[in-house]
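You will see chain A twice below: alongside chain B first, and alongside chain C after that.
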Partner chain A sequence: MSSSTREEVLRHLQTVGQLQPALHKQTHAPAPTEITHTLYRAYTRSAHDVGGEYDVPIEWHEKEEEVWELNTFATCECLAWRGVWTAEERRRRQNVDVGQTIYLGLPYYGRWLMTAALILIDKQYVTLTELHDKIEEVRKRYEQS
Partner chain B sequence: MADHDHKPAPMVDEVSDFEILELAVRELAIEKGLFSAEDHRVWTEYVHTLGPLPAARLVAKAWLDPEYKKLCEEDGVEASKAVGIDWVMTPPTHFGTPSDYCNLRVLVDTPKLKHVVVCTLCSCYPRPILGQSPEWYRTPNYRRRLVRWPRQVLSEFGMQLPEDVEVRVADSNQKTRYIVMPVRPEGTEGWTEDQLAEIVTRDCLIGVALPKPGITSNAKRPVLKAKNPVHHDH
Partner chain C sequence: MSRVEHDRTHHAKIATGVGDPQCFKGKAGKAKFKVGDRVRVKDRPDIFYTRTMTYVRGAVGTIVRAVYESPPAEDEAWDNTDNVVWFYSIVFSQRDLWPEYHEVYGGDTLETEIPEMYLEKA
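The block that comes next holds the complex of A and B.
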């Protein structure tokens, strides 16, 4: 998404800075000899593999489902129904490939939705330009209604 | 930074970026012929029919019928048919849902054994027989802690288990889904299947609550409101 003014650019950079995961270890793209077996194993863990991680008790919530969330679920299942992807492919993309920041930072169905958009691009069913144009078209339609 | 006048307001009054992207992706997929508008409508309608009632009925039936209980333990998918759920044929695909596979295990509690279900890697959930998963089930917090501190997490849900009751946590995966069959509670002698099914709530079927006479809904929890909520049929 483009940022048209200096103020917007700075705000964007500040927000992105706040989303960087906090590393408790200095990282500097080290030499291969610095990566021990223990580190190697830790770095090759994927972000969704959370079982057993430390956390504190929270309040458990229920949540009303948004219409776009249900629609996203249906879209993803229809894409699988009609052979565009398999559920395993979808999970790999939306749980592993998104990386830790998006994995923990976006709503559950937000990840499904992003992944559905990306699969259309990656498998070349639509171009990035077509997606951008469609998003603008939908946005204008909403503004006019 | 001119941040003072730009408090991060949640997207409430205006259309959200998610709503726009959802519509854009769906329309493009339909325009490109990847699936039809009818496919999407049919799937959405199918989801509207899902909920925890069939699973509750399965448990109630098994409490009353030892033969059926045995079938539940041996073949959850076959046992589901008796409560109207054919894992293969009920979804609009007629080959099962793409994401749930067709392998249901029914975990039978005893007075000395309590089961509870999680999906640490994802949020796998037996949708065809239990509906959409609750928000707390999807949280990294529940998924992180349940496998390691199950008694503490269960106590946060209001279940205090005696030391001599073993807790077994089932970790769902892409190919296997679980529901819990709790022990039939005292005070339900002579009850009908309908009466029994009423006290088997969604939370009982996940394993974070125990059925009790007079309790027919999940524990009250704060509800995160949707801007544009789905209204399900039940």
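The block that comes next holds the complex of A and C.
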């Protein structure tokens, strides 16, 4: 492996350490008795149910969709049209199954796209190895271009 | 490759040319509530998936419309469409939802759709 891979790995490890802000105290491997009902409910609620939560104001940005975002939308609609998922299954996967950190942290259509790839694996239309091979292939093509 | 056998066009077969939720019309049986009924939203479990917002749970609202019949989101999210229920449009006073809502805006309301299994007579 090249040293740039190690750099990326180490940068990744630093970054994921910062992705644990949901509960501002140490939470690793708690004993069952440390999880109250209130905490349990907070952990297991659907991440998209944000109505009424305290938060800071969000700045409004007017921005047109990028081409990959429009393509993602069309891909997801085709998956529905071909019966791979219903709109509700898509929402469940892209808004809730991803967990709170990803729900709040990744762009809207980024979650659509990630979910489209995952359902093809979950429902065994492609294997994860095939997807990884394809990502490698595209990555190499991109580096050579 | 071994694959769970599943007719992935089963939804298209009933919805094509008809629409969704129209394709579920008549499948929920008799509506339990009528327009004008005061109902309280049950605090059912919310683990794994729900679209009934936490902030309406336990609150009392008024039914303004029986809007359509459909599988609840909790079922449809796993492609289960056999259990069809009535959805009602319910109006809440904002003051009943948010304790700090100022009385100056006491006339403000919020309207949202909730499936029948979440509702009980208030």
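Observations, loosely collected:
One rule holds in what follows: the second predicted complex is superposed on the first by the 112 of 145 C-alpha atoms of A that agree within 3 Å, B and C clash if a C-alpha of one lies under 4 Å from a C-alpha of the other, contacts with A are read in each partner's own complex, and residues count from 1 in each chain.
Going forward, a contact is a pair of C-beta atoms (placed from the backbone, for glycine too) under 8 Å apart; a residue touches a chain by one contact, two chains touch by 3 or more.
This is a predicted model, so every value here is computed, not measured.
When the two complexes are overlaid on their common chain A, residue A:E62 makes contact with chain B while staying clear of chain C. By the touch criterion defined above, A:R91 reaches both chain B and chain C. By the touch criterion defined above, A:T72 lies against chain B but remains apart from chain C after alignment on the C-alpha atoms of chain A. When the two structures are aligned on the shared chain, A:P32 is found in touch with neither chain B nor chain C.
In the overlay built on the shared chain, the residue A:I135 is in contact with chain B alone; chain C does not reach it.
After overlaying the two complexes on the shared chain, residue contacts for A:E7 are found with chain B alone; chain C is out of touch. When the shared chain is aligned, chain B and chain C each come close enough to touch A:G51. By the document's definition of touching, of the two partners only chain C reaches A:Q124; chain B does not.
Chain A is touched at more residues by one of its partners, and among chain B and chain C that partner is B. Contacts of A:R82 after superposition: both chain B and chain C are touched.
Overlap of the chain B and chain C contact sets on chain A: residues 49, 51-52, 81-82, 84, 86, 88, 91.
In the complex of the two chains, the chain A residues touching chain B come out as 7, 10-11, 14, 48-55, 57-82, 84, 86-88, 90-91, 95, 104, 107-110, 113-114, 116-117, 120, 125-126, 130-131, 134-135, 137-139, 142.
Of all the residues in chain B, the ones that touch chain A in their complex are 1-3, 6, 15-16, 18-29, 32, 34-35, 39-40, 43-44, 47, 92-93, 97-99, 101, 118, 120-123, 132, 134-136, 138-145, 147-148, 152, 156-157, 171, 174, 218, 221-230.
Contact residues of chain A toward chain C in the complex are 41, 44-46, 49, 51-52, 81-86, 88-89, 91-92, 96, 123-124, 127.
Of all residues in chain C, those touching chain A in their complex are 1-4, 7-12, 46-51, 53-55, 73, 76-79, 97-98.
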